[in-house]
Amino acid sequence: MKRNDYSRYREIKGLLAGVLLLFVFMSFAAEGFFGWYNLHNVLKDLLILMIVASGMTLVILLGKIDMSAGSVMSLASIVTTLLLSYGFHIAFALLGGLLAGAIIGLLNGYLVGVLNLNHFVATFATMSIAKGLALVACNGDIISSDSDILLFIGTGKIFGLFFIVWFAAILLLIMFFVSTKTKFGYKIYSIGGSEQVARLSGIKTSNVYLVTYVIAGILAALGGIFMAGKANSGNATIGDGYEFSVIATVLIGGTPFEGGKGGLLGTLIGAIFLVILKNGLSMLGFTPAWQYALIGLAILIAIVADVSINERRKAEEKRRVKL
Amino acid sequence: MNDTILEIRNISKSFSGVPVLEDINMSIKKSEVHVIVGENGAGKSTLMKIISGVYRKDKGDLFFEGKPVQINSVQKALNVGIGIIHQEFNLLPHRSIGQNIFLGREPIKSNFLKVIDHDLICKKSKELLDYLGLDIDPRTLVYNLGIAQQQMVEVAKALCFKSKVLIMDEPTATLTRKETVKLFEIIRKLKSEGVSIIYISHRLEEIKQIADTLTVLRDGRIVGDLSIENASIDQIIRMMVGREIKDQYKRQYHMHGEEVLKTENLGAKRFSNVNINVHRGEIVGLSGLVGAGRTEIAKTIFGEDAIEKGSVNIYGKKYHRMSTQKATKLRIGLVPEDRKEEGAIMEMSIRHNIVHAVLPRLFKSSVISKKTELAVATKYMEELGIKAPSVNKLVKLLSGGNQQKVVIAKWMCADCEILIFDEPTRGIDVGAKAEIYGIMSELVERGKAILMISSDLPELIGMCDRIYTIKDGMVTAEFSRTEATQEKILAACV
Amino acid sequence: MKRIAGFALNYYKVILLFAILIVSSSVTQDPVQNIKNMIMIQAPFVMIYSFGMTLAVITGGLDLSLGSIAAFSTCAAAFLIIEDQIFVGIAVCLLIGAGLGLLNGLLITKAKVNPFIATYGMDWVIRGAVYIMMGGAMIYHFSHDFKVIADGSFLGISNLVYIAFAILAILMFVFQKTVFGRNVYSTGANIKVSRLTGVNTDMVIIIVYMISGVLASTSGLLYVARLDCAEAFLGKNFGLQALAATLIGGTSLKGGKGGVGNTVIGVLIMVFLMNCLNVLKVSTLWQDAVFGLVIVVSALLEMAKQRYANYLQL
Amino acid sequence: MKKTFTVFLVVLFSISVLGVSAAPYPGAVGKKATLILKDLTNPVWIQAAEGAKAAAKDFGMQIEVVAPIVSNNNDEQIQLVQQAIAKRKDILILTPADSKGIVPAVTELNKAKIPVINLNTKINNESGRANSETFVVADNIMCATLCATELARLANGSGEAIILQGPSGGQVTIDLTKGAEDTFAKYPNIKLVDKKEAKFDRATGYKVTQDMLITYPNLKIIFSCNDEMALGAVKAVEEVGKLGKIFIGGIDGNKDAMASIKEGKLNATVFKNFWLQAYTAVEAAAKYLDGQKLPALIPVDLGIVIKSNVDKYLAM
């Protein structure tokens, strides 16, 4: 048990150091960065990113990808606010939003897991489909909501902490638990390690794909609902390009495209890295043009450093194997 | 008392209209080791996959302990009591030993959330590993294990099912002799505990040691059941191939020519101070346990791994740095261990693979002439007797032996002077093996130099002029053809 | 019946293309001009940068930085072209394209970064750089000599068509008929085998990304010449469009298969389809959804075709 | 050593005091403001940033101009608002990318007692939770009305019209479309036949216009939601030789568009004078900080640019 945890810690050690360094740097360099108000808000944005990224992590652990995450966010925000504007109860509206995510997830899972379509192609297509459905549903307009509950979901506080913080903390704990301690989580790691091996061990792979994509869809929808809550309105463009940030987060967190190793802990640190970087650069007063260049550069440096550290460790480990 | 545990009746199976198994009848008795032999493509693995629920049969019935059973999934087979160790490794490198052993049927603590009982996994895995005489922490990642240890994990995985019938598909292919002996001990132990074992192997010399009964498959049919006492190896081979193979290793030894390959104090990641040399017209063997550094030496000479110390001398010229491009330019060829991943491009045609290495030399202007290409590919396909309807067939559709011949054809086509063969006959049937030995002999007669790595000692002794033994990344001894015996080589390897 | 199904599967893209064309032609009053627009002007642009994506996909990667490469190289070159140094400008543009492609290639081969993340990161860096460089300015009103590259026509056919087809011919030749092209395919199919056969796979990949960069800047340059304006946000949707065209064309993301020829059909399907939706007066809001459906359907048909081919072979 | 430094400080201080006395709004001097824009990569918004900086210099204020990385992204704008609160700015000038979605962020500003100057796009205050001190108007609906009216006049109040839109679902697109639709509705003989997304960029505007010219051979009016798409449309129309028969209008008033008007290709654009908008907004902020009362609306001159007056605008 201990040994496993230790090795997991080793894998993210470098990144963790980087995150701490970044945090300390920003605290001193960026005016207003180190303060409860800002950090609390950063935490909120971090957790929204993390909710979507935790679904993506599971998918990438399977060795697949979900390009539709951003569009699903937009779709969920539109469906929820649209249902509200039709006078549905908030519970139904939220359920509707989540359902929309689940349906796109199911479609992804079906195309990838059952029909065996290439996962990139399939989810690339559903990305367009979900975005299109969102646009058609809202007729290209922004849907405002006058629901205080939706607003509370996005901005409300309980005991001085945002609702999102409580919610995401519980959700992420569950996700962490499910992915590392339960049979389902083991199945994901197994299939990511080798689909054939998993199948020969009696795991029904298509079911796991279906369920994982549905979970990813629901989590993306949740992210979209929180975004809608923050703005108290639905917008078909809120998730545009978000999937790229999410995928970058997962990769920076040390879960490789091949799947089978890594996990949520790494993703969390990857998310902290990205969010602090974005917030810090913006607080430092860099213009968007410079932020573009610096964020891209930071992603590349993080990944290159990670690759080279891993390569070196791999070589070391090989040398340690008893001959 | 009826002591038949598994009975197979009239099983047939065909893939896309091509029959692979026809009317197989077989019965496995309680606590016996039932060996199945046959050439590659004879249908052994297919039969095993049907029994273990990977494939579905077209026709026929299975009886387990006298009762008819329907096995239509892996899970079902496991529940019935049939376990299998597949030919290819079925382990997840980034998971621990325990997680691998219990893969797909982890014990759970609570039913609702299906929480895995990690401590139980550890405890039970430890017991299994102890039973197998392995002193490793079950929390170790498989990634960190050697090949032999991985094989043992496979065995442990099959054991923990409490299977009544255990299928082993070529379990010793990657094991060294010492480990094989250990495996046999375990098999005997299992047998004494009432487990039946279906054992598939290419290594005929092993069979005598453990088999109780023997079934020979050829072209999807059973050609004979033998009891092991009155079967000779020659007889078995005859039944497998359908013809007599006399003297597999036909070498003629000539005086050899100049020295073309020499390493001077060569050192890299997993070996150091290696000094070996190869002359024209000579086959030099490298023997050693799996993981001793043999493959790494070959890959370093070929430029795939970096040279850390010393040098490689080719045709008398010293090289401190090597790359695969440089090596191919110097007419060195490597027939790697892993045919599917490193030898040939499975998704491309025979033609593309054969001309792959010679392209830049064949088409100096860099423009490919299809006519020339076809002619060259066809020539080598015929010369090596690659059995395929056309040169445009994809390599993945060929049998293992023919795939290996495509890899060799690639280097012959590139007119290599120095060839490195890494386990050239692994997983290849007897007939094709003999053909590959023939090709190698012919190559050295034409004045090429061959460095050969093999775990199959009779093969090494039969083919080589000289043999180096490697242990822990060091050369421990050198034997000439006349000195080499299995005992001496083993002693130097272990 | 089976034969018809087989034929339909083999040529479904062409059939689809004609079906779209017939539908769109039947509703417009000027089908000839419509087809002329699509083939002579709209398709060539998309084709050129989609070729770049296709080549990257053949090596088993992809290039998400196409759009920003196009923007950066053309904006840099525009400073020269506006001063009437047309040839120097064009040369600089293509060189920058090649240079940025080289960076992509180095990241992928030497730093061993996954192509997705390497080109995605580069996309951010380059886009940022071009925003900084332009600082909100645009460069417009180029000389006639420059604009004629994309505006002019010869024998009634737009120069764009000649350029696109010249590029197509060169790429087809290089990738089908030369040793380099063969090595690209074999590297994409199995990089390890290729390296162990003496192919300098790193070099192959680097060169492919350089070609991809050059193609991106070429299409950027043509856009600038046609629309008479160089600006920092050129090509924001190049990457996704090119990827879609490549996938619809049937080049597999696994690498080693497909080719620029397939992408021509992919681009035509995409352009024709969008045009068809426009002339059918379908609301723009539906375009994304229809687009996604077409990708799914073409991928499914591609799979059916593969299975059918396997069935025939066995 | 220490002494010289003190002297230096004193001198410095007196200079700054002198500077202050020259300032028109003494209460605003040294105050910290943030201007949140929709975008800082597009030329027009960069003009706005310059206008704001010029005003800040004139009034002795410190200003920080920020914008989302992904242009027009509401969520990032909310984050920028929160950052401004974290930095304890004295006043915030806000150009919302999403008039409804920004409401919760403005509520937060109200709670933090940071005054808000609303610029360019009106914050939707139907709920009464998003109060701003004033609205510096250069409203998009007004722009669209101006431009569409001019196009209708050129077309003699009849004919088929289309609208080229920015990315679907964006606030700017929604407002401009609304303005144009309402205007055209006033002319019974003008028929709005289609609305098409052309992503705010020239290449797409060009391509979409080509398709539209085929689909609607009798097209008379093209209203474009920005100049870039309008210039793409000009190119497409020019190629089929219909310049002068089809009337094209854009919004923004960038230099290239004005040049095109001067050449007689583009028919109209609305000069939004982003520089002045931002300058006015910062001035309003200065006045507010100086304790002056602000009117609810501060209009900024929007100019319709047509061939007859283009020289005047080009000279600016």
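To keep things simple, chains are lettered A, B, C and D as they appear, and every chain counts its residues starting from 1.
We take it that a contact is a pair of C-beta atoms (placed from the backbone, for glycine too) under 8 Å apart; a residue touches a chain by one contact, two chains touch by 3 or more.
This one's a predicted model, so the numbers in the text were calculated from it and none came from an experiment.
Peer 1: Common contacts of chain B and chain D?
Peer 2: A chain counts here if it touches both chain B and chain D, which gives A, C.
Peer 1: Quick check: how many Å separate the C-alpha centres of chain A and chain B?
Peer 2: Here chain A and chain B have centroids separated by 43 Å.
Peer 1: CA centre of chain A versus CA centre of chain D: separation in Å?
Peer 2: Inter-chain centre distance comes to 34 Å.
Peer 1: Based only on mean CA positions, could you tell me how far chain A sits from chain C in angstrom?
Peer 2: A distance of 30 Å separates the two centres.
Peer 1: Find every residue in chain A that makes contact with two or more other chains and list them.
Peer 2: As it turns out, chain A has residues touching two or more other chains at 135, 140, 288-289, 291-292, 295.
Peer 1: Using the touch definition from the top, which residues of chain B touch two or more other chains?
Peer 2: As it turns out, chain B has no residue touching two or more other chains.
Peer 1: Which parts of chain D, given as residue numbers and ranges, touch two or more other chains?
Peer 2: In chain D, residues 41, 165, 168 touch at least two other chains, as defined above.
Peer 1: State which pairs of chains touch, listing all of them.
Peer 2: Chain pairs that touch: A-B, A-C, A-D, B-C, C-D.
Peer 1: Once bound in the complex, which stretches of chain C touch chain A?
Peer 2: These residues of chain C touch chain A: 107, 111-114, 116-118, 120-129, 131-132, 135, 243-244, 247, 252-254, 283-293, 295-296, 299-300, 303.
Peer 1: Using the touch definition up top, name the residues of chain A that touch chain C in the complex.
Peer 2: By the definition above, chain A touches chain C via 111, 115-118, 120-122, 124-133, 135-136, 139-140, 244, 247-248, 251, 256-257, 288-297, 299-300, 303-304, 307-308, 311.
Peer 1: In their shared complex, at which residues does chain A touch chain D?
Peer 2: Those in contact with chain D are residues 31-33, 35, 37-38, 41, 45, 134-135, 138, 140-142, 144, 146, 151, 154-155, 227, 230-233, 235-238, 240-241, 278-279, 282-283, 285, 287-289, 291-292, 295.
Peer 1: What residues on chain C touch chain D, complex-wise?
Peer 2: 27-30, 33-34, 37, 41-42, 45, 131, 135-138, 140-141, 223, 226-229, 231-234, 236-237, 274-275, 278-279, 281, 283-285, 287
Peer 1: Show me the residue ranges of chain B that touch chain C in the complex, using the header's touch definition.
Peer 2: Residues in contact with chain C: 15-18, 302, 304, 323-325, 327-329, 334, 336, 341-348, 352, 356-357, 359-360, 363, 366-368, 397, 410.
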